[in-house]
Structures are given as structure tokens and as C-alpha cells.
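Quick one: the structure is below, and I'll ask about it shortly.
We call the chains A, B, C, D, E and F, going by the order they appear; numbering starts again at 1 in every chain.
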Amino acid sequence: MADTKSGDINTGNKSFSEFIKGFWKENPVLVMLLGMCPTLAVTTSAINGLTMGLAVVFVMTGSSVIVSLVRNIVPKQVRIATFVVIIATFVTMVDLFLKAFLLDLSKALGPFIPLIVVNCIILGRAEAFASRNSVWLSLVDALGVSFGFTVTLVFLGGIREILGMRTFFGMSVLGEGFEPWVIMLLPPGAFITLGFMLGAKNLIDRKMKERKKY
Amino acid sequence: MSTRVKMILILTLFASISGGVLSIVYLFSSPLIEANLLEELKKSIFLVVPNAKDYDEKVIDEITYFECRDESGSTVGIALPARGNGYQGVIKLMVGLTPDLSRITGIKVLEQIETPGLGGRIGEDSFQNQFKGVQTEPAVEYVKNREPEKDTEIQAITGATISSRSIVSIINKNIQMLKDAL
Amino acid sequence: MKLFSFQGGVHPAYRKELSGQREIKEAGIPEQLVIPLSQHIGAPCEPGVAAGDRIKEGQVIGKTVSFVSAPVHSPVSGKVKKIEKSFHPLGQKVLSVIIQPDDEGARDYMKPLGKNASELDPKDILTRITDAGIVGMGGATFPAHVKFSPPKDKPIDTLIINGCECEPYLTADHRLMVEMPEYIISGAKMIGKVLDVKEIVIAVESNKPDAVEKLEKAGDERDILCVLTKTKYPQGAEKMLIKAVLNREVPSGGLPMDVGVVVSNVGTALAVCESVRDGKPLIERVVTVTGNGVKNPGNFFVKIGTPVKHLIEQAGGTAGNIGKCIMGGPMMGIAQASLDVPVIKGTSGILIMQEADYMQEGYLPCIKCSFCVQVCPVNLLPSKLSVIAEARRWDLADSYGVNDCIECGCCDYVCPGKRPIVQFIKTAKIKVREIKEREKK
Amino acid sequence: MEVILIFISAVLVNNFVLSYFLGICPFIGVSDRIESAVSMGFAVTFVLTLSAAITWLINRYILIALNVPFLEYVSYIIVIASLVQFVEMFIRKTSKTLYDALGIYLPLITTNCAILGLALFGALRDYSFIENIVFGIGAGIGFTLALVVMAGIREELDLADVPESLKGAAITLIIAGLLALAFMGFAGLISA
Amino acid sequence: MANEQNSLILSTSPHIKSDESVRKIMLSVNITLVPAAAFSVYQFGLYTLLLYAVSIATCLVSEYVVVRLRKRTFTLNDGSALVTGILLVMVLPPRFPAYGVVLGAFVSIVIGKQIFGGLGNNIFNPALIGRAFLAATYPVHISQWILPRMSAAAVSGATPLAGMKFDGIVTPFSDLFFGTVSGSIGETSAILLILGSLYLLMKKYIKWRIPASIFVTVIVLGEIFHLINPAKFPGPVFHLFAGGLMIGALYMAADMVTSPITKKGCVIYGCAIGLLVIIIRLFGGLAEGVMYAILFMNAFVPLINRATKPRIFGTGVNHEY
Amino acid sequence: MGITILFVSLASMGGVGLILAVILAVADKKLAVKEDPRVEKALEMLPGANCGACGFAGCGAFASAIAAGKVSVDGCKPGGIDVARKLTELLGLDEAVSVSPTVARVFCSGGIKETVMDKVYNGIRTCISANLIGGEKACLYSCIGFGDCCEVCSFDAIHMDENGLPVVDLNKCTGCGECVKACPRNIIGLTGYDEVVHVYCRSFDKGPVAKKACKVGCIACKLCEKDDETGAVKVIDNLAVVDHEVNKAPVGSIRRCPTKVIRVSKPVSGYEDEFKEKIQLEAFEEKKAGTSK
């Protein structure tokens, strides 16, 4: 995946490029199609997206670091089991934290906070990256990917919130004249919006590639 | 050390570390969480039973309800948690009743996943407030496209007959169950 | 009378009135004849003459080299001009003998065997059929003697003489049946004798009652049964005809003989009769020249090797701006690239269409109307096949039975999106074969 | 009756994929061919049913009995992960054909949110043991249904002129949205 | 090098084509919809005419724009967008806001049809996608009914199905048949829809097995439930003529592009739609389920087609004779 | 209370972990299945285009075959020599691999401008379909020009030019041979990188016929044979053929050819040196001057 052959971000600073690639080139949602479940489920508003994103940032950095630390002592047969235990521990922490301090958000995100455990992004990065790289690189990678994830979630949540409720982060953005599209808050709206986001990304990529060619 | 022994050790170790860490976190957070939950419960109870200042949790025939008292300690009403299926999924309510269960003093929708903007409007105050003072005998009813006439009637949300009907039937069912139990 | 029929099929405008009532005329001898050495399915012949040789009418000019092949005879007396690769109606270039006719009229026919089938030895008849270079004249051009010698484990009980002529426009077989019923009946009996069948059935479409009348009059009720089939295309397709008349289904990938049947065209029966009775090899056939691109459509006795151009002149010359020249009928015929191609043994008609007739301008995506599914006589899903071929998913084509397609063109005809379904299927067939061959390696 | 409602709800009204967004990753990944969709569906249904039973037992006899509810996620996931791994090893050893048909999908199932989601929802709703198993089967069938239908549509669209940028995951998501729209007709079936 | 004047045209057989065309089919569908559409304008007022105009215009413009953007051959004149535009309005409530219709028409064409690759490739019926999208987008507007001009007296504006479901009111058969009831713009008059579709059936532009099997299933199941509990469940005739069953079965379920191509498949598809209609109408939360039943079954069409591939001639039979 | 929970958690999770770990350990022992780890590694080395040029269903199947030693390491055409070397290393083979890289070349020069179009084709615009009835051009051996070859190329290495002829981008071409398979008239062939002199015509028609159909076809005049000092060029069956075993450029033939169908192709980047060795630069320069006119 991480082929640097095309080398379009060649800053010479490897950790920076590891960080930045999670936003576009290896965006976990739009390119790797990982973590779809929370992406679709919680993005009824931008704030939900942001919270979920930050929760993932925490879990991911935490578990990446730990996984990277213990990567050499875990035998391969129990690798996945061990990794998920580590991840689940962090998730439970987040969950308890939200319940203790941010009850409303915790309720809004419902069972999707625990489902971070099985968010393929985290396990995927743990397997593919953290279990093979140093702690520092794993940390940077985790931060990059999880921030990419967060940005995507906020974006998707923003679109759905604006069209579905006329607001963005609770602030009214579309006037009273616009009748909210309820569908945006429902599952079909989530699927369709994300589908078109993916399409738009592919389109932009293709246009950029074409421009490069000529 | 053979891989298999190592395997067993590692997994056991990680699992218990995880258990340990979490229990510590839990010990710190659980008072906060419990306080939160209690606060919420109180809020909903006091909302549906006006004048209530305190309550006792009671269980009868596996039905939990809250008997509410005012400052003087006399019973001013009963708060009954109710649940049932709505249009899309489970609806959870808190229903406030007069001590003799004859009238509703208020309701509060605690959880619901009805269609936003349609059935979801059962969560709006304008809908919930209708229930204040509604008689429960013989049963709560809903009417459509016109103003309620009788004391037992509330007006359904336009276009969301099912959700309105669900609320009404959940209330009726749970009150009936409580009545039978008492 | 019961009309025999099958599932599916279409009924396009038949346009048989253009040439149906015209008696068969002699087309005469053209200035030059081009006789391809491969006019049949199977191994091409080797030239039996050299450039400059003088030859007689009926003389062998192409010799067979294997069993599945048929010799080629000179249709005229004259001189061999040259032997070179030349355009064949099927599109490729094949080795052909080019003959400059003279007016000496020298003949070299075989010895007549006799008139009456019952008095003849089946072996003699079969040898004669082999020597006369007779092939299936309905268009398939499969060497007749091969068809008439089925393996021992495949007994034949029924011979069907195919007089359906379901292709629109064509009337050659119709005229033959009306004008020469005795020959056809006697030819049918000869073939029946060779195959030792229990029953001979002549199947004619219900739009040719005059032909049936003549045939019935000529034939002997006890020996030969005339049946009427429903007028619809492709009633004359071998498999459909067997299904309609006998309700037997030729297995997928199999031949009529797998169900104990041999089907022969009326033209073939005529040719067999002529070769046995008169010793005349297959050097001439009836061709319908029709379509609105010619002034006087009609039916002609044509020497094999006559260029299309000559026939158009015989039919009164071209009318309007010619768009297409089709060898065969409009449903299964082959569009020709030039008017110089010769008539071969399998040519039943030449259809000249004006440019205006030919309307096709691109095609639409499949709208799944299922018209094609309803008309497909072999129960395929042509629409699906066409879409598969369009998307180049050759791997799927096989599982949708592309090789069972008989290319009758019904699907293509009814398609409201004007999709070239048959071409898609033909392409897919080629690709599937290619891939299979590659896998075998 | 309750059991039937749970089943219908899990299959149609609150389909795991189309209204809870559970198991989207394999839904997108494995829905390109009908054969693999069917295999995947069976594998998921099997694991769902099995884990519905096991997680119910854990919930009842460890989490509630020992009063350690905060260990819910960790204990569920460790069991699920091990279970899937065990099943994979078992199938691989016992049946080559089954492994070829299902085995390759099994590792994917560990990270299938549907499994953990089922355990969590089941615990949340206080289902009885039987109800929980029915819920598991229903969820599995619902998942299979959505997956197979999607595979059928995608095979069809393979032959269609879909806009280049929408090919693959994008069009799959949009179709999922349209399917979710179609499934909305079943809303209210459980309220009767 | 320039073509010579007398070059011949080459193409594979067959060289003749029937005079059916996609355009002809689509236009026939449009024309046969006209009586019911005209009746709807009379019944619900000129406002519906505006909706028709807006819907058709949006459909045509969206189709034009998308096709241009995709640089594909221009298919506007095949008339399929027109069909979508008309049908979309026919299944909406009479006072649906015009901006909603614009959105619905746009969604029908773009999401319902063009993203699948345009004409012939869509999996779902575009008009129904538009309708379902609008139902989810504007849930309030989609359930607001008005009384038609020739109302048969009922007081409330509820549709016969909603009246039956929620209030137990049975609308007389003749009102249903002639369409003097409340309901979606174009669905009320069963007689006009049947008359229109007769021509299409005659021309075989409708796969007759689909509406036939829908009707049979609805009648049989309706009768069974009616027998079980006549008070709660209305009779089969009511089911047949109430709500959108007629327009759904004749014009939407039988839509060529989104229905099975095999004969057996059509029957299975029709029966399943009938079954779902009855289930949703009798047990679901909605009063009317035709639209969802059709959309749901549209998704199954590829599977149905695959499962009902006809037996190819000469395969799978005993060849002994 | 706190301590109890801590102990209970430690014990319960530890217990669960222990039980599961034991089960997995036992399963690992009892249910172990051996698999060649090299398959996965080999797969990683392959280009992953699943082009099928190796004759297997895809890269995965090829990787299995490689690991099983069933197929030679140079089986992957697109991967070329690099992949072959890596695979050799992986398998621990000693043998030195020498893969001669190949590229596709189009052996027809008759585009729209040069070839006579004497018929109108009406049907599917693909070569394979058009070939069913002969296409539009008079020459039956010519490029049909509908671009089937471009369509099948996974590497974006072949495109149609304005003259309706496909042009191979030699730097992108991997020699997988998909275009060769796609061309119904066999005018695309795989040739070595370093084989630079070719006859760009595949017509077996006799001189006059070929001449009538196309301005730039081989007319079998045999002048190339006459002027060939190397003995590499022969006219067989009305078509000139260059024998690449004769490792010298037939400069005389290139100069003499009246229709210029014997030509020198451009060198592939990275192979310029070998190219220079094979052919005297002089001939190449002359050719360049010729085309720029």
C-alpha cells in the first residue's frame, strides 16, 4: 500500500509524509474503505462525527503504541486476540469517560462507541503497521490515519447535518426557507451521501492524474 | 519456552492486565456515571410528576415504579417507566400518574428511534404536553385531523399515526399492568 | 389440417410476392465464371485442372481429398483462364477456378442410373451423390453423402424434406416445388432408400398451398406424407422443423441423426434426382434474385460460379441506389462486399436492397423488454448474451449457452433497441472458442 | 410471538446492514460475486449464532454474576476473536471444501462489527437465551439477504456502463442506500 | 481515403428489423397514461398540471445534463425520461410542494437511473426511487391528502387504504373503480389505468405475467385474510382497486427495465410483489405498500433472472424417442 | 469493594484469557495445517495486475505454482527480469535467470490515410466483431482500427493515433501479450526489446492486389532481398520477413524498400546502448530524417 514510488509527497521527512497520507492518499474511509460502520452510523451531525473521530484518535494512538511496544513478544497465533484485547481496553476507557463526563454525547453515539473495538481501521493498522514498525512511526501513522478518519467523519456529518437539520455544529446555516431533508438523517441518506463522497474523491483523483499526464 | 506456552502466557497476561486496568478506571469513573444516571432519572421523574421532590423505588410483580412525594412527604404521584415497540424500534417512556392512576400528570420520551421530523416528533414537548391531565379510564385514545374532545383523547401527530398510536398503546398497556399488579 | 409449429419465432413481412409467382427462367451463361474450390463445409478441393485447359460441362475441376468434402464440377464448357485466390461469398479469399466459357456446349455427364428409386441399389445412389458433389442446398452446404451415411449406432427412421423456405423474400424452393414436384418426390424417395427410413415427410409452410397440392398430386400418398407447418420464421431451421413435425429435440451440440432424423432441402432432393436419373452433377441451382434494388425480381436456373452482377442484369438491372447485396435471405444471409462474388452451391437467393431500406443508425442499450427471450426458438436469453458480449465478459457467455445459438436472427429482428444481437453472439462464440483452445494448450 | 417479531425485526425492519450499518466492510468487500456472497453469508450466520449463545452465557454468568459490567467489550471481543480463529482452524483441518468456500472469509469476520454489535444489542435488550439465539440467526439471515441481493445487483452492473468514478465501493454504497429506502416499507411491521 | 460512391454496406444478418423501437414503446406508455393524468388534473385542480410540467421539465433537463457531462450519445428522444416524469407525479399526493417535485425528479433521473449507466441499466424503477426518496425526505408532505373535486362524500381527506387501516372505513367499490376518492394524483382511477394499459398489453409492451400474477396473489391472499377476520381485513376487491395497486402493477412493476426477462421469473416476481403488498397493507406501519414492494422486488430481479434461466433447447431432456 | 473488583476483574479476565489461550494452543497443535509461507511472499513480489499472461487464473494462482516449483520463475511477463530475480532469490535457486524482455509491436502501416476503404461497415465498433464480415478496408490483412488492443491493455501502453492505427508505448509495454490475443488479424506481435528492424505489413496478397488496396503495404517486389547484404530479409508467401537470428541490421533493404514497410523502430529507453550496437546509427539517422519530412 505504502508505495512511495510515485513520491508526490517527497518532503524528505518520512514521519510527516506518514502523517499526511492518511488525509487523502490513504484516507481510511474513502480509499481503504475501513471503519464504515461508525462512519455511517454516527454522522447524523458534525459534533457526533467529531466525537467519534476523537474517540478513535485516542484508541488508535493508544493501542498502536502498545501494539508496537509488545510486537515482538506476541506469538502469531494469538496476535489478533491480544490486539483486540488491547484495543477493547482502550475503548472501554473512552466509553467510561464519555459516560462520566459527556452523557448526552455518549447516548447519541449509543452502541457505536463499543463498536470502535471492531473498527477495521484500528485492527488493520495494528496488524499492518504497528506490529511491524517502531513506536514512533506507529504513533505518527496512527495519528495521521485517525485524523484523516476524523476529518472525513466531520465532513460527512456536516453535510448530513446541514441538509438534514439546517445546522452545522448546532448553528443555523440554512435559512428557514429551506425545508430540511429528513432522509439525510436516515440510513439511506448516510449511504447515498458517502457513496457520492467516494465518487467525488475518485473523480478528483482521476482529474488530477489526467492533468499530470498532459 | 515453547511457542504454545508463550501463547498461553501472553494471552492470559494481557487479558488480566486489561481486567486490572479497566477495574481501576471503573473504580474512578463509576461514582460519576452512577451520579449521572441518577440525575437523569430524577430529572425525568420530577418532570412527569410535578410537585414531586423525592421518590421511592418500588417493585411489584417485577414492575418497577417510583412513588413520588412532595416536601411534606405525602404521595403526590407515581412515575412509571414504560417501554414497547414503536414504528421503527423500541420506545422508552416515563409516565407520570396521579396516585390513584386515574390521570396522567405528564410523560417523557426517554429513548426512541422514530423517523426524525415525523414520528420523531413524539419527543417534542408540544406532543408530550398533551398528555397532562388526560384520563386513563377506560383508556387513552388518539384522534386524527381534529381537536380532542373527550378527556381521554390526545391528538396524533400528522402523518405519524403509527408512532402516536404506539405511544398511546404503550401507556395504556403499562398502566394496565401496574393496575393489575397493585 | 393440423399446423405443426414450435415455440418462439417471428413473422416478419415475407415479401414473397416480389418473385413468388414468376416462373423459373434460365439465367444464361455469363462472360466469366468464378468457381471456388471450397463450396461446402469440410476440406477444400484440390484443383483438378490447370490454367489453359479446355474443359467440358460436368467435368470435375476440384477433386476431394478427404471424406468430408464434395467435388466441384465445371458448369460450362470452356477454357480455364487461371486458378487464383478470389473472393468467396463467405468473406475470405479462397482458391478458385476461373473459366472462360465457349459456345461449344461439350458435355461430360455421368451415366444415368435409372428413374425408379425402388429398383436401385442404395450403394449406387450414395456413390452417385458423392460423385455429383451434392451438398445441403438450404445454405448449410454440408456434403450430402456424409449426411446420408450416418454411423451404424444412429439408425434413421424419418427423412424430412424441408420445403418450408421460411426466409422472407426467397421463393426458389417454392417455385421448385410448384414446377418440378416429380423430381423432388423421386429425389426424396432415393434419399429415403439410401437411409432406409420408415417414413418420408415433406414439410411445407402453410403459405404455399399450391406447392402442397402439386406435391401431393405428384407423390404417392402411401410413401410420402405432406405436412403443413405454421408460417413463421425459422420454421425451416433443422432443429425447429424436427421439433415441430416430430416433437423431438435435437440435443445441444448434437445433430438431427442423434434423434433418428435426416433433414434435406427440396433443392437437395432435386439435385439427387437429377444426378441419379440424368447423371448430371451439381452444376446448376435455382436462385431467387429479389429485393427492391432490382427492377424485375424473379427465380433463375443459375450456373454455379455466375457472378452476382450477371444475375442483376438478368433481373432487369439495379433500381435506385444499391445499399446492400445479400447472399441468402434477409434473416441469415451474408452481406457481400462486391457484386463480383459468384453464386455457389449453397446460394438460395440474392437480395439487393436499396440504400434507403437500410436504416440502422447505431443501437441503444438493452432495455430488458424480453422480446428476444420470447422469440428465441432455442430458449436462450439473447439480451443477456448481447450485454455480456458488449461488456466483453466472455467467461460468462459460455454459461449462458452462447454455443447453442442457431443465429436465426429472431432476437435481432424484434429488438426495439436495434441491437446487433447476432453479431454480439457471433463475436462471443469466436472468443469463447479462442479461450477454450488456449486453455487446452 | 415475541420470538417471531425479533426475527422479522432483525431480518427486515432493522436489518443489520441497512439500518444499523453493521458489517458494512464485508458487505462492500464480498458482494461482488453471488457465490462468495452466499458463502460469506453462511459463515457470518454461523458465527453470529454461535457467538450469540456464548456471549449471552458470558454476560449472564460472568459479567452480571461477578458484577463487572465494564469488562463487557473486552470479554466479548476476546471470545469472538478466539472463536473465529478456532472455527477457522477447525474447518481448515476437517473439510477442505468447506474451508475453500468459507475459510477465506473467516478472518474478515473477526472485525465484522455485526458480531460484536449483536452481542452488545442482545445484552442491551435483555433477551432470554432463546431470544438471543433467534436474534443472532435473524441478524445473520438479514445480513446474508442484503449481501446476496447486493451481489446480484453488482453482477448485473458489472455489465453496465456505470460512471467510472462511481465504480466499486461508491456505487455499492449508493445501492445500499436505495436498498435501505426499499426496506423502509417494512417499518412498522413490528409495532402491530 | 474517401469512400467510393458505390461501396456496399456490410453488416451481419439479419438485414431486416421489425418496426418496434424503444421510442415507440416509451411514447405508447406516455400516451396511455394521458387519460388517467387528464382525469387527475380535473380531480385535483390545475396545481397538479403545474406539478406535471415541473416534473417533466426537471427530468428532461437532468437527463440532458448528465448525458452531456458523461459524453454519451444523447438519449433524450427515447422518451424514457418523460415516462419517469409523468409517473413520478402520478404517485405523489395532490398538494405536494413543487420544489419537492423538482428534487424528486432530479433524484429519479440521476440516482434512479443515470448512475447505473442510464437507459436500460437501472436496477430500480426511477420514478419509484424518486417517490421513496421524497417519502423519506418530506415525510409530512407525503402524507397530506385532499378531497378530489368529484368526491364521493367521505369527510376526511384520508385515502381509502388509510381510512381502512386506521379507522376501519370501507370505501365503496364504485368510487374506487372510477377514482372519485382521495389518493395520489394519478392512482385513483382504476378504470382509466386499466383502459390505458390494455393497449400496452395488446402490443405486448407490458409483460402480462407480472400484473396478472400480482392481481391473482392479491386476490387470493386478500380473500384468505378477509375470511379469517372480515372486520379487520378488507376483501380482495378493495385491495385490488384501492391505492396504487393498479398503477403499480400495470405501469411500475411491469416496467421493462426493472422486471425479470424470463417468463417464470415474471411470475415469481409478480407473486412476491402481491405477497409483500398484502403483508405491508395488513400488518405494516404504512397504509400502502405497493411502492416499497416493487422497489424491494426490483432488487431481486438479477437473482430471479439468474435462478430462472430457461432450459436451453436440446438440453436437460431425454433424447430417447 | 474496590479491591474486590480489581481482583475479580484480574481473575475473571485472566481466566477467560487462559481458557481461550489453552483452547487455541491445543487447536494450534492438533489442527495445524502446513502451508508454504513462500506463496504469500511470492504474491507480494508479483505486479498484481492479474493479466493472465502467465497462463494462470491470476497472480495468486501463479504464486502458488511458483512456490510449488511447477513453473519457471520467468513466467511473469509483466514483472520481467526484476520479478524473476526476486523470485529466484525467494526460492533459493542458484540458476542465473536470463529473461529476454519482450514488447508488442504493430505490424501494419495502413491507416485511414493509406488504405483504400471500399465498403461501409455497419455494426459493432470492435475489431473482433468487424472482422466477422471483413471490416472497412480493402486489405483483408490490415488493422481494422477499432482499438480492441487498446481496450485490453492493463498498462495503458497502447493507443490509437489520428491515423486509426494503434501505437505501442514501448516504455510502458510489459509484453504480457493481451493485445496480441485481442487482435483478430494477428498484426500485433511480441518481439524482443532489441529486435529493432521489422516489416510493418502482414499482407500475403500478391503485389498488384496489395498495391491496389494500400499505399504502404509489402508488394512482394523482392527488392529488399536483392539489396540485403546480411541475408536477413526473405520474401516468403508474398511478404518480406526479417530473420532476427541474423544479428545485423539489413540497412540496404531498409533503404531500398519502395513502400517503406521495412523500418527501424525506436529504441526502448534503457536499451539505447544495445540498440546502437545492433544497428549502425547511420541507418537510424537516415530513417529519422525521412519521417520528419
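One rule holds for everything that comes next: a contact is a pair of C-beta atoms (placed from the backbone, for glycine too) under 8 Å apart; a residue touches a chain by one contact, two chains touch by 3 or more.
Keep in mind the model is a prediction, meaning the values are calculated, not measured.
K.L.:
Within the chain touch network, how many edges lie on the shortest path between chain A and chain C?
P.N.:
Tracing touching chains, the least step count from chain A to chain C comes to 2.
K.L.:
Going by the touch criterion stated earlier, list every chain that contacts chain D and also contacts chain E.
P.N.:
A, B, C, F
K.L.:
If you take the mean of the Cα atoms for each chain, which one ends up farthest from chain B?
P.N.:
C
K.L.:
Decide which interface, A-F or E-F, involves more C-beta pairs in contact, and give its chain pair.
P.N.:
Of the two interfaces, E-F and A-F, more C-beta pairs touch across E-F.
K.L.:
Measuring centre to centre with C-alpha atoms, which chain is farthest from chain A?
P.N.:
C
K.L.:
Quick check: how many Å separate the C-alpha centres of chain C and chain D?
P.N.:
That pair's centroid distance is 60 Å.
K.L.:
Measuring centre to centre with CA averages, how many angstrom lie between chain A and chain E?
P.N.:
Their C-alpha centroids are separated by 41 Å.
K.L.:
Rounded to the nearest whole Å, what is the centre-to-centre distance of chain B and chain E, using the mean of the C-alpha atoms as each centre?
P.N.:
Spacing between the chain centres: roughly 43 Å.
K.L.:
Express in whole angstrom the distance between the two chain centres, defined as the mean CA positions of chain B and chain D.
P.N.:
Computed value for the inter-centroid distance: 30 Å.
K.L.:
Find every residue in chain D that makes contact with two or more other chains and list them.
P.N.:
Each of 68, 70-71, 74, 78, 82, 85, 160-161, 163, 166, 171, 174, 178, 181, 184, 187-188, 191 in chain D touches at least two other chains.
K.L.:
Which residues does chain A have that touch at least 2 chains other than itself?
P.N.:
77-78, 81, 85, 88-89, 92, 96, 182, 186, 188-189, 192 - these are the residues of chain A that touch more than one other chain.
K.L.:
Give me the residues of chain C that touch two or more other chains.
P.N.:
Within chain C, residues 334-335, 337-338, 358, 360, 365, 390, 420, 423, 426 contact more than one other chain.
K.L.:
Where do chains touch, given as pairs?
P.N.:
A-B, A-D, A-E, A-F, B-D, B-E, B-F, C-D, C-E, C-F, D-E, D-F, E-F
K.L.:
Along chain B, where are the residues that touch chain E in the complex?
P.N.:
For this pair, the touching residues of chain B are 87, 115, 117-118, 144-145, 158-162, 165.
K.L.:
So in the complex, which bits of chain E are touching chain D?
P.N.:
70, 72, 111, 114-118, 121, 123-124, 129, 132-133, 135-136, 276, 279-280, 283-286, 289, 291-293, 295-296, 298-303, 306
K.L.:
Under the touch definition given earlier, write down the residues of chain C that touch chain D in their complex.
P.N.:
Residues 365, 387-388, 390-391, 393.
K.L.:
Under the definition above, what is the set of chain F residues touching chain D in their complex?
P.N.:
Per the stated touch rule, the residues are 5, 8-9, 12-13, 16-17, 20, 23-24, 27-28, 30-33.
K.L.:
Going by the contact rule set out above, which residues of chain A touch chain D in the complex?
P.N.:
Residues of chain A touching chain D: 33-38, 40-41, 77, 80-81, 84-85, 87-89, 91-92, 95-96, 111, 114-115, 117-120, 123-124, 186-192, 194-196, 198-200, 202-203, 206.
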